[in-house]
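First, the structure itself, so that you have it in front of you.
As written, the chain order gives the labels A, B, C and D, with residue 1 at the start of each chain.
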Amino acid sequence: MEKKLKVGIIGATGMVGQNYLRLLAGHPWFEVAYLAASPKSAGKKYADAVAGRWHMADNIPPEYAGMIVDDAGIVNKAEGKCDLIFSAVEMDKQSIMDLEEEYAGHGFVVVSNNSAHRYTEDVPVMVPEINPAHLDILPEQRKRHGWDKGFIIVKPNCSIQSYMLPLYALLKAGYPVESMIITTLQAVSGAGYPGPASIDLIDNTVPYIPGEEEKSEVEPRKILGSIKGGRIVPDDNIRISTHCNRVPVSDGHTACVSLKFAGKKPKKEEIISIWKNFSGPPQELNLPSAPVPPIIYRDEIDRPQPRKDRDAGKAMAVTVGRLRGCNVFDYRFVGLHHNTVRGAAGGSILAAELLLARGLV
Amino acid sequence: MEKKLKVGIIGATGMVGQNYLRLLAGHPWFEVAYLAASPKSAGKKYADAVAGRWHMADNIPPEYAGMIVDDAGIVNKAEGKCDLIFSAVEMDKQSIMDLEEEYAGHGFVVVSNNSAHRYTEDVPVMVPEINPAHLDILPEQRKRHGWDKGFIIVKPNCSIQSYMLPLYALLKAGYPVESMIITTLQAVSGAGYPGPASIDLIDNTVPYIPGEEEKSEVEPRKILGSIKGGRIVPDDNIRISTHCNRVPVSDGHTACVSLKFAGKKPKKEEIISIWKNFSGPPQELNLPSAPVPPIIYRDEIDRPQPRKDRDAGKAMAVTVGRLRGCNVFDYRFVGLHHNTVRGAAGGSILAAELLLARGLV
Amino acid sequence: MEKKLKVGIIGATGMVGQNYLRLLAGHPWFEVAYLAASPKSAGKKYADAVAGRWHMADNIPPEYAGMIVDDAGIVNKAEGKCDLIFSAVEMDKQSIMDLEEEYAGHGFVVVSNNSAHRYTEDVPVMVPEINPAHLDILPEQRKRHGWDKGFIIVKPNCSIQSYMLPLYALLKAGYPVESMIITTLQAVSGAGYPGPASIDLIDNTVPYIPGEEEKSEVEPRKILGSIKGGRIVPDDNIRISTHCNRVPVSDGHTACVSLKFAGKKPKKEEIISIWKNFSGPPQELNLPSAPVPPIIYRDEIDRPQPRKDRDAGKAMAVTVGRLRGCNVFDYRFVGLHHNTVRGAAGGSILAAELLLARGLV
Amino acid sequence: MEKKLKVGIIGATGMVGQNYLRLLAGHPWFEVAYLAASPKSAGKKYADAVAGRWHMADNIPPEYAGMIVDDAGIVNKAEGKCDLIFSAVEMDKQSIMDLEEEYAGHGFVVVSNNSAHRYTEDVPVMVPEINPAHLDILPEQRKRHGWDKGFIIVKPNCSIQSYMLPLYALLKAGYPVESMIITTLQAVSGAGYPGPASIDLIDNTVPYIPGEEEKSEVEPRKILGSIKGGRIVPDDNIRISTHCNRVPVSDGHTACVSLKFAGKKPKKEEIISIWKNFSGPPQELNLPSAPVPPIIYRDEIDRPQPRKDRDAGKAMAVTVGRLRGCNVFDYRFVGLHHNTVRGAAGGSILAAELLLARGLV
């Protein structure tokens, strides 16, 4: 990388925006050259704009503290300053869709953390180890909008990464899956800041997260889908059902997964071997944020655990354990990933790295 | 009740024993007349024997503080003092089996909290709303051992109550169930004292509880079984698979349940109605510890929750919520019960009340 | 009590208002006859007005569920419906002062949970065991405002009860205190709902609570003050310095207290005896909410603890322990009380009971 | 460092031992060349000896996994293998004193984590920024025992580092302190593994830690003492009184400190400046584990907090905040440090680095 790609962050003052800044500090390929947020932050130094609401454990990276925050709503402010926009704005769905499209229309590559465009048929929901092939939809997306250069991709909901890589590794190895029943134990950081009230998670868990089960059931099918007739057609062969719980954990979503194969059923040792040996384009392309290996299998009977395993592989790996038979389906296992890194900003950065390595930005 | 039945507690100084004392204080039918524990407690006043390890929130009930603790291993110490023994001893499995049999052999009715005898074919695993019919095995049990008066019954593992009553209510209403996949979020009190290390449950959950999944899968089938040829034959028609997690909750086990019916499938409203209207022998017999109703269905989207629902029905009710369809099976729901009351000492006391009401003690 | 006194709650839908309803259900002297809140709740049934934000563990007491909520801002709505108003409104300080004065001007006795009037010189800050003598200021208060019947009293901040009763018991026994240095570990419920973000109290504590240290240092001096020249003059003889921490506890504030006497210094045994034998007007008048005894001293080395001691004396008692010498001052001890009962709604109800027993309402 | 110093760890399988291994992996000056533990671990590979009880978040550093563990009780096993011994054995006080003396007698430099020798008059309790001058006692220590090469130093209790550096910085700047009243909120890792029971720290705090207050009051005076007549004479000019609480935090001890100067009293700005500019021998000698700066002052009103500040300066810095006046003493502030790094293994490693830099090993 002789010269770094200039990137911008819209919604830079929120929790996800802060995570972007934290993760992009010292990034070998990207240079944060543009920060934008709501009008009330516009014109302020970044450090002032987030004063009293910087929630990362580390201090604000000094290179960003003095940057002036622009108004994310005035798209041409970004022109000439950066080529790729990480979108972390918090608005209603339609406003986000419109704004991201406006950025794309102005020639920016938009990598979004938001769910708004996840159900748009020509917008890929990227998990870089799984569906880089979906990037082939981009010419269609541009054509539909009449864009010449810009486009939009999104990252999936933070609840599904714990099982998407393990699932995909099995599919790729030739073992189609028919059904999955999944219960998640999700960290509070997944709800942004302030997120759940403290009193609701002291000596307590909450068996409901708004919208989460629907996302968890729909998004995997799109990620595993294929391009047909100018749109990404979901894979309807797999059925997924989820229970999503909020638990008193800061970071790290756990998934208890029961799985039924569609056809032949590999032996336990083979599954573990498939997982341990799995790698995808991010690993092959040596992307800076790619975890190596992407899936870690732990033999200890009581792992993975959020506090012990969430930071594995620079918080980008998925840790799996407790693979065992099942009285009802074929197998059971436990998966875990870091929801605000692999499941949010880190996942988007990995997707952006893939775009750059593929020459798409 | 003109005169109370005299009962004894063996293992009276442990966590379960303390719960027995707490729950039996002021009991309308039972009077605690005998306390026994390990030899090192023997001869001491109860308050001295538990000094520094009384873990209940309330103080030691004053009527027990001055009682002299006997050696649980010397069975004839109990003779003449009580008729029914609540067993909460902590020893290896064989020793517990032997000791409980010795008490029964001396004419005592033994109601045990331990798992030791749960797999003995002529020992009922009692859930008083479900399987009082299993008490018909008792003559066989006595005959096999040559006992004239004593016998043994046990209560099931504390992890299953959240779904056993809701499941049984459906079976009883004529809707056989084929499969259940269950993930539990279990409170730390289920592990006794000290139980898990604090550091393992701060900002963390643990996806494994030794022995718990096996018990959760086997015991329900025995509870739903029928007496054939002098033994309780498990119901093999239902398949259960569980994931058991330990979470930072003091009391209250949550179960996320996915359920598939064997045949016809009731509508959602019918299921809720079945649950709301369910009652069993404890309710019909007006047993002092019977919750009325035994199953509470909550309409709020985010209930049941441990801190808010564990104490429902004097901590003896099972609270259910979030009944909804399922992409893979037929229905999903969440159940919750208080693990150290309904799931342990309270469940045993209810079983003892049933014995008394039925004239079996 | 032949006929119950009719009381109203303004701010009935908030966390404190909910606690009032919970504690007043079945009260022997008071009948809740009027509920008011903000205009957006006005006209609704109470159950509808708090739908989705009822945070008590128990259900809404059925006698209140169907009551129509009025607009707290329209004072004459309350007329004829009740005689005493519990104020739990959440607004800016001046608006609260004005509204409470308007209710008093309309002839209502106002017992307020808010801090707004705590620093008004002729408004008593009531701790019923300590300063009923401050009720003698009420004629002055009425005269100043030209009120004939109504008046205002307030309860103190929830952080101080853990040490105010123990302190006052010593003063009353003839042992004036010169200095106290106090560190509190405060429960999250003290901040209302939603209160602190969950992520700020997972694997964490926060060494700051806005405004709390100032209140903790000023209010005790007023409570211990005396009436001079038509105003309550604070006791300047005692100096108090506090550190207030927020900790991951639902209910129950702990205070670690170091104390220096002004003159003679009682022996440890004498202090414990003073505390154990302390009682005040609420106990002597047999007020329904009065804890007997008001101060509980526990001998165990590791008590008081929030989960084990907050509910002592119907959550109205103060539990004290660990009295020991001090290298710097004279003594150290630990105090604990239930912040949303004794420290909030329960404390106000006790004050209202005192008013009724004294014939002031 | 051309060649690394070979070091050994006795008590290598316990929690503190594991922390040593974690912190010494890749250390630029030290090479772990000897591991010893109890007889039941002796002869096993390290990975096998700690199987099921490795509690660090990271995996066992691979360079140690295969090392054979020796019996810590057989001192001559260590001979020829290393020059310096980190002692983390867990035994009764007298046995630890004897064993550490035996190692010293065999020519080893012993740097101990244990409290056993903290009260031995010629054994320095080292805080490398504060009392390197106490190393001058070592010839006396050797002489008394007749040792030629070995000696013993110890690190202080983990509860005091949050205020020792801030206190010492003030003393060094010419502001003697008369009194300190301190309340600590201590993490559970300070109690080793398993430490407190989980149920005792869910929705709870515990106002007592065995032995902790005594250590916290005595050790600072020795650390600030001076060598007179062949022994370290404590500084009796400062009086310290502590309340020690256990709170549900994994790592990071917080101290709420009230402080009274003996004479002149610096302004707030001067104190902050003194802290910010403080440095000691570890910083001047560029010791590998020395935090730069050793004291961090944070301006935010709600810092320091355990989760946000414990890792500052590679978890070796002390973070201070909330300096403000006091109604009773002169100032109040909050200090925080990482108890298992700065307060335990990391503090000992820093002390060992000082020994090496000073040519004492």
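Methods note: a contact is a pair of C-beta atoms (placed from the backbone, for glycine too) under 8 Å apart; a residue touches a chain by one contact, two chains touch by 3 or more.
This one's a predicted model, so the numbers in the text were calculated from it and none came from an experiment.
Chains touching both chain A and chain B: C, D. A count of contacting C-beta pairs for C-D and for B-C identifies C-D as the more extensively joined pair. Averaging Cα coordinates per chain places chain A and chain C 48 Å apart. Centroids built from CA atoms put chain C at 41 Å from chain B. Centre-to-centre separation between chain C and chain D, using Cα means, comes to 43 Å. Counting partners per residue, chain D has 200, 202-203, 248-250, 307-308 as the residues that reach two or more other chains.
Chain A contributes residues 52, 57, 202-203, 250, 300, 307-308, 311 to its touches with chain D in the complex. Across the complex, chain C meets chain A through its residues 55, 188-189, 193-203, 248-250. Chain D contributes residues 179-181, 183, 185, 200, 202-208, 217, 239-241, 243, 245, 247-250, 254, 256, 258, 301-308, 321-322, 326-329, 332, 334 to its touches with chain C in the complex.
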